[in-house]
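The following pair of complexes shares a single chain, chain A, combined with chain B in the former and chain C in the latter.
And now, the complex of A and B:
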């Protein structure tokens, strides 16, 4: 949990593509957040269980567990039911339909390819850190 | 039961009873399978007429009974099966009658083996369709992953996140960036087009007001028009324009056409007007652009076709925009027409059917929402329910279901427990938590995980059970 808005937010990046994961990690650290990469859905799930995070950047197509599975588990758990999630998708419009479900809570979908600046803006909005 | 074989094909009606020569002739294919004749004279006449060498005489009473048992009865059951088949029940087969060696027996066996073959073929086509969808989605992912890295790092550098850039470095990275963008939109267009080929285009429908969609398109188009110093206007009627369709797809189609209008206009104006015409809405997008010749117009909806001009070279584009627009509009039961004069401008009309008031009222009585991810099972269940007089709305996933259950005015909801995105139970839970007024007021049936049924016998039982639960 965030401590009084003084500490930078901790963001977990669940992304199996190394270059994209590094791109996100670089941008988030540059913008002052704490960022860590989970290279597949399984590792993302266990890191979510064992550590505290303020936001999850979640890719859909990942080995071990896909993004939707990670998200479902997340919303079912007491610990992370309310954590904001920014989901990344390369599949475009079909996923947009899924994203409309209010059940996902604080959740947004960002289509690949994305602008790193736009990614940051989405994260700021999800974290409620003023524009 | 073959008595005679006709040599004269003039008598060879495909099938049926012929009243002729004071008697009855029963003809099947090119064979005379039975004759009921009044006298020896008539028989002789048939003999001559048909060029036959002999006639076998059988007592009339015996003949009629045999005719009934061996032909009329089996034919009745055969035509029953054909009717079921025509109604879409591909599993319809006929139980072979005892007359296995007769023409009727042959027909029965042909019908059954045709049924088997068609079922196999349809199954094969579905499989091809499924593989194609999978391929398209894999290709999409595989192409976009490297593009994400390319454009992502380029944008990082352009934003100065990796240190200061010289003017030239900035310019060159800008070129890389705009080409990466072009490649992205090309991939998106290609994916859309490949979805439109082969199988029927399916759009996920829900009612929306077209006026909002037009305003949204107008905002985007106005930016484009402003950048070229063109006048731009949008006019919509005061009353809502209710459409049952996929909002995103309709917007995509309108934007594709609207951005074309801006693209091919150097000076003057682009306008977008919507008006009701009978049961439809007509959106007219007019421009004062370069226009087209008759020949160019006729090729307008060809894939990759682009009107040749300096403008099209400057503006870029894939030549897929209109193909995609037409695909989506037609998938909504609409149409696109084009009117253009070279040098004066073009007028594109998009016609979309409106959701009529009558329809919405009538629908709320026996309407069922069916949510099932397995396409085969979904269409089977839907057909079975429709045959019992229900109107069935279908969804293939749970995500958009809650809103539909809340507002759709359904008689009942049938939902599979394992959908491809959510569990059926989760959808029902969401509906309950949404605080909708109809919670508890309409039955919602969850088809359990263990509900394994074959597509033939078990289906009807399941449907009966469902309907019992509705009442």
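And now, the complex of A and C:
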């Protein structure tokens, strides 16, 4: 949550696995952030274009558009080029190598299964918020 | 994570467990399509989602079986060679639906589990 009476950060959760998405949403709301779920990459892209977000939690394997496609579009858009992204992956190795490319911008990877406390810590760090 | 510590958390986990019967049916339909000649990509996708969700909700036996099968498919092992593990997964989905607390021990004591691990 942002300090000093500012509005809480708005976080978009792009995750197609319904129950994981709800678990993330629950944790983020409990920590004071505003959270909304996009159940596939296509809907995530639409919501990124039409609304303002402070951070994107992005699953990699999703229908319609995968996480890398959403991220490419995000970085190519003037509106969202700088949004920090927390990518969720069950396949750590390949993505960790890809993540070394600075062209992807500001993002971190979090392997599934993750501890919800670790998820919040990553988000706080990406948002530049204190613990 | 203690899913019993919060009513909402417990509800999400219970609903995940309740979803397993439908996932079992979807998996069986997909398996029939693959056996009839369809590409196994959809099967892999189901396994991927199941493994990720089961591990997240600490349904570990089921997550481990799904993860092992997904890894084997990713390595290019033919579905026909994984039928032993697939049968275990279908049983594991049933066992977890019926009694999630006992399912993990049941899966790990099943001889098919050892065969999957050593495949």
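FYI, the second predicted complex is superposed on the first by the 126 of 131 C-alpha atoms of A that agree within 3 Å, B and C clash if a C-alpha of one lies under 4 Å from a C-alpha of the other, contacts with A are read in each partner's own complex, and residues count from 1 in each chain.
Everything below uses one rule, namely that a residue touches a chain if its C-beta (ideal position, glycine included) is under 8 Å from a C-beta of that chain, and two chains touch if they have at least 3 such contacts.
All values derive from a computational prediction rather than experimental measurement.
Annotation: superposed three-chain arrangement on chain A; chain B versus chain C shows a clash.
In the superposition on chain A, the chain among chain B and chain C reaching more residues of chain A is B. Judged by the touch definition given at the top, the superposed model places A:19 against both chain B and chain C. Legend: residue contacts after superposition of the two complexes on their common chain; A:68 is shown touching chain B, with no touch to chain C. By the document's definition of touching, neither partner reaches A:128: not chain B, not chain C.
In the superposition on chain A, A:114 makes contact with both chain B and chain C. When the two structures are aligned on the shared chain, A:90 is found in touch with chain B and with chain C.
Only one segment of chain B in 21-29, 129-137 or 255-263 runs into chain C in the superposed model, and that segment is 129-137. Of the residues of chain A, those at positions 17, 19-20, 23, 26, 61, 90, 112-116 touch chain B in one of the two structures and chain C in the other.
On chain A, the positions that touch chain C within their shared complex are 16-20, 22-23, 26, 61, 90, 112-116. Those residues of chain A that touch chain B in the shared complex are 17, 19-20, 23, 26-27, 30, 61, 68, 72, 90-93, 96-103, 112-117. Only residues 1, 8-9, 12-13, 15-16, 19, 45, 48-49, 51-53, 55-58, 63 of chain C touch chain A when the two sit together in their complex.
Of all the residues in chain B, the ones that touch chain A in their complex are 137, 140-141, 144-145, 147-153, 155-156, 159, 161, 180, 184, 188, 191, 204, 248, 397-400, 402-403, 421-422, 426, 430, 434.
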